[in-house]
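Since the structure comes first, as structure tokens, the remarks are kept for the end.
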Amino acid sequence: MTKTRKSIISDMGRSSATRVEVRGLDLCEQILGRVNLGDMAFLELMGRLPSSAESTVFNAILATLVEHGLTPHAIAARLVYLGAPESLQAAVAAGLCGMGTVFAGGAEGVAKLLQENMPENVSAPLEPIAKEIVRDFMTRKAIVPGLGHPVHKPHDPRTVRLFEIAGENGLRGRHVRLMELIGLEAERAYGKTLPINATGAIGAISCELDLPWQIARGIAVIGRAIGLVGHLLEEIRQPIAREIWERAEEEAHGATKAS
Amino acid sequence: MTKTRKSIISDMGRSSATRVEVRGLDLCEQILGRVNLGDMAFLELMGRLPSSAESTVFNAILATLVEHGLTPHAIAARLVYLGAPESLQAAVAAGLCGMGTVFAGGAEGVAKLLQENMPENVSAPLEPIAKEIVRDFMTRKAIVPGLGHPVHKPHDPRTVRLFEIAGENGLRGRHVRLMELIGLEAERAYGKTLPINATGAIGAISCELDLPWQIARGIAVIGRAIGLVGHLLEEIRQPIAREIWERAEEEAHGATKAS
Amino acid sequence: MTKTRKSIISDMGRSSATRVEVRGLDLCEQILGRVNLGDMAFLELMGRLPSSAESTVFNAILATLVEHGLTPHAIAARLVYLGAPESLQAAVAAGLCGMGTVFAGGAEGVAKLLQENMPENVSAPLEPIAKEIVRDFMTRKAIVPGLGHPVHKPHDPRTVRLFEIAGENGLRGRHVRLMELIGLEAERAYGKTLPINATGAIGAISCELDLPWQIARGIAVIGRAIGLVGHLLEEIRQPIAREIWERAEEEAHGATKAS
Amino acid sequence: MTKTRKSIISDMGRSSATRVEVRGLDLCEQILGRVNLGDMAFLELMGRLPSSAESTVFNAILATLVEHGLTPHAIAARLVYLGAPESLQAAVAAGLCGMGTVFAGGAEGVAKLLQENMPENVSAPLEPIAKEIVRDFMTRKAIVPGLGHPVHKPHDPRTVRLFEIAGENGLRGRHVRLMELIGLEAERAYGKTLPINATGAIGAISCELDLPWQIARGIAVIGRAIGLVGHLLEEIRQPIAREIWERAEEEAHGATKAS
């Protein structure tokens, strides 16, 4: 039995002797010198350049994701660099490996929730949907994604600003509204302050930009890759990985070493 | 014997309840809505926002690095995604792992070469330095980094455009000049067409932007992380990894399977 | 508010000037020259050396996991090696990244299913439990893990042999029995041949060895790490990654390149 | 111009409905229940099962590599697991990424040094070669690989034991001898105690086993993959990654957070 061959097709980019094309645009003529990196990422994902409004909003959510201080991923990347300084790319890769459900899955969860629950009828009221979503999470004793923050209270300043920017650019639509209603309903139902965190804001705005939820984690990966390169440059100049390692090792094994 | 403790210091970012700071700037007030992703990367690496000229040039070199078609890294990322679709971050990481000496080390090599050979005296002639560099590589039978391309001949159109953009923005300085002289000298010495490729251009322009050579590979990693997310989104919508795998497996093992 | 510090404790290994200890054993005196690598892995995971019976069974399941031909992970590792031959470790890492839910999550799913459904009462009948499990998967239209194979029919020869070895060594207990009953019930309910595959066998036997299900994926990772190093050595001697890449790229982009 | 197609060939393993083959052996009949994991790794790398002597020696060097306490790689793997507990494989991968020149390149360097300097004439004296090697490293101000250890002085107990095991099994040949002579000559030339460390012993013994130096790093990767799975199981039961992270973050950013 012979299996039918499928074709191998990719339309991301191609090149000839004198021309390089990315998503149908001429790299040299239409992109270089004109398109910033955030817009380039938009082109790469969406197959077209963003409008000016989309550009402002998309660059803002990406910029939010770049630098979050000395995160577990940043420390992991630095420790890997300590062992393999000739492979900076592998240190970034190691850090990215940690962007799973706990720290980066949030925006994916938010975007999925909003996209799957958004009614097709654009004038259908959203309040009952928000109530139903929160009730469902409470019943399952699951945590509503995109809400709450250990440090930023009562508001996450990034959310306030991102929604403001979305509004100024005509992109504060029904997905943002549904997220806000979920937040209000959750605060009422749980009886505590539950601000929409940056992850929730980014998830909601990604939906306004028509990004499919499956790629929401990819947006976080793009931002954090930049941040990890930044941390590795700081590690080159002002190393801390060895100290973090030696302290941990000494505390864990110290007694024997002293013997 | 007690070892002296070093401090653990990191100045990349920090946050309080109401404020998030990245490299000393207020994220919400000074960055979001104002700074594009390329400028954010510049801030993260250099500790300050770029000038308008630097912004144009830096975004151009990053944009060049995003999409290079169906590279080995892109295929590797797609194959990893096939096995672990719940871990998009790990698929990007796997692709990045392949950005080593063969495909991404070039810009690093170029930047190192130019930075180590640039005389402090800014009026010292560069021709003899270029001659000396090429002679040294020929003696060692090593390949001069940043020259030659299998497809783009007689010029790499990206190099032409990137040097043009650098020139328009006052950043076509002595590092670019030295790279050009090395190219000319290599063509003369080897007796064949050796255009400065995009890697050579990016390495040289990185030097004009004062980026340390140790981080040149990181610039490539940033661009390619975006490209890999793009390829994974295409893989989600129009999968090819399984076909690539099955064809290879069938050719390698076919005879036995048929038995 | 000061947070209470937790201690950093690790009991895996420690060393002094004259002694190296692994899980409480003296490496030089009690391990080297006496303990094979599978038993070493058992020690590392379980904190004690295996009995002779456990050793035979544990080494058998690990040996099963080493080599599965030209898998997507093996191709991914080879493609990454093509770009970064100086970082063999990163190529292995890239391949491992693909051992997620699709290819390696199976044993984890099986072990979790068996451990969570095994009654504490060791004389409780298992048939009703197997029926209930299969009914539950059918209701949820989910796939029962550990059953079925595209090539190995009507039996997976590895399962037959692994259960035989487990039996010869007194480790074919109630977890294996429950897996067999699930297989029989599933064949009855779905009306088709559904052999217990190697993943199902390994998941069940892992339970007999008291391995927690959370580490079942780790067993697969151990085996496959060996296999990936093997594939990279073959790639060094008899390279195929470039050919796989070039064929895919040519098919995807060929038209333009020819132009 | 049409390029000639190369064949895609892989001889690692293959399977039919009733048979699984690994390096030419029948997995079920000739391997399972008979071959331990170390011998399986030997088969995978060398294409044949080891002799009893080779098995003892090869398992000993692999066992040496499994567990080295709370290394930077182990901490990195734990930090990555903290962020992505659903992807244990990616945490192991992240740890492996750090096995580069600093911590794992040593055995590769030793094996390359010994293989490249070993004279074909098996009765040629080795002392002058050792002298020449040490002189060369001193001239280049480079560090001779495989010598010295921060904790194990005046001898690395693992080296003593590994060479003993090699001797008992007829595998303490001229590569081990050359390594010993290099160590003696280096101690004389540098005027300080420079014991052959475990890396040096493993590199030398790998040569006695006819392993090509290009795969020496792979041997370390195999051992450490097991160790990393062990550390992740300990992390699941007795977590420390969050504490390591929080302490580092607090020290680096504490002042601002308190404000």
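As written, the chains take the letters A, B, C and D, and residue 1 is the first residue of each chain.
Everything that follows uses one rule, which is that a residue touches a chain if its C-beta (ideal position, glycine included) is under 8 Å from a C-beta of that chain, and two chains touch if they have at least 3 such contacts.
Bear in mind the structure is a predicted one, so any value in this text is a computation, not a measurement.
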Checklist entry - If you average the Cα atoms per chain, which one ends up farthest from chain A? => result D
Next on the checklist: Contact counts by the stated rule: is the higher one at C-D or B-C?
Outcome noted: C-D
Checklist outcome for this item: So, in whole Å, the Cα centroid of chain B is separated from that of chain D by 31
Checklist outcome for this item: Averaging C-alpha coordinates per chain, one finds the centres of chain C and chain D separated by a number of Å equal to 22
Checklist outcome for this item: Rounded to the nearest Å, the gap between Cα centres of chain B and chain C is 37
Next on the checklist: Could you pull out the residues of chain A that touch at least 2 other chains?
Outcome noted: 7-10, 14-16, 69-70, 84, 86-87, 89-90, 93-94, 97-100, 104, 151, 240, 244, 248, 252-253, 257
Checklist entry - Mapping chain-to-chain touches, which pattern fits: line, ring, star, complete or other? => result complete
Item to check | Of chain C, residues touching chain B in the complex | outcome: 69-73, 75-77, 79-87, 90-91, 93-95, 97-104, 151, 240-242, 244-245, 248-249, 252-253, 257
Checklist entry - Which part of chain D faces chain C closely enough to touch in the complex? => result 3, 5-20, 22-23, 27-29, 31-33, 35-41, 44-45, 55-56, 59-60, 62-64, 66-70, 74, 87-90, 92-94, 96-100, 104, 151-153, 155, 157-158, 160-162, 164-165, 168, 212, 214-215, 217-223, 225-227, 229-234, 236, 238, 240, 243-244, 246-247
Next on the checklist: If we count contacts the way the header does, which residues on chain B are in touch with chain D in the complex?
Outcome noted: 7-10, 14-16, 21, 84, 86-87, 89-90, 93-94, 97, 248, 251-253, 256-257, 259
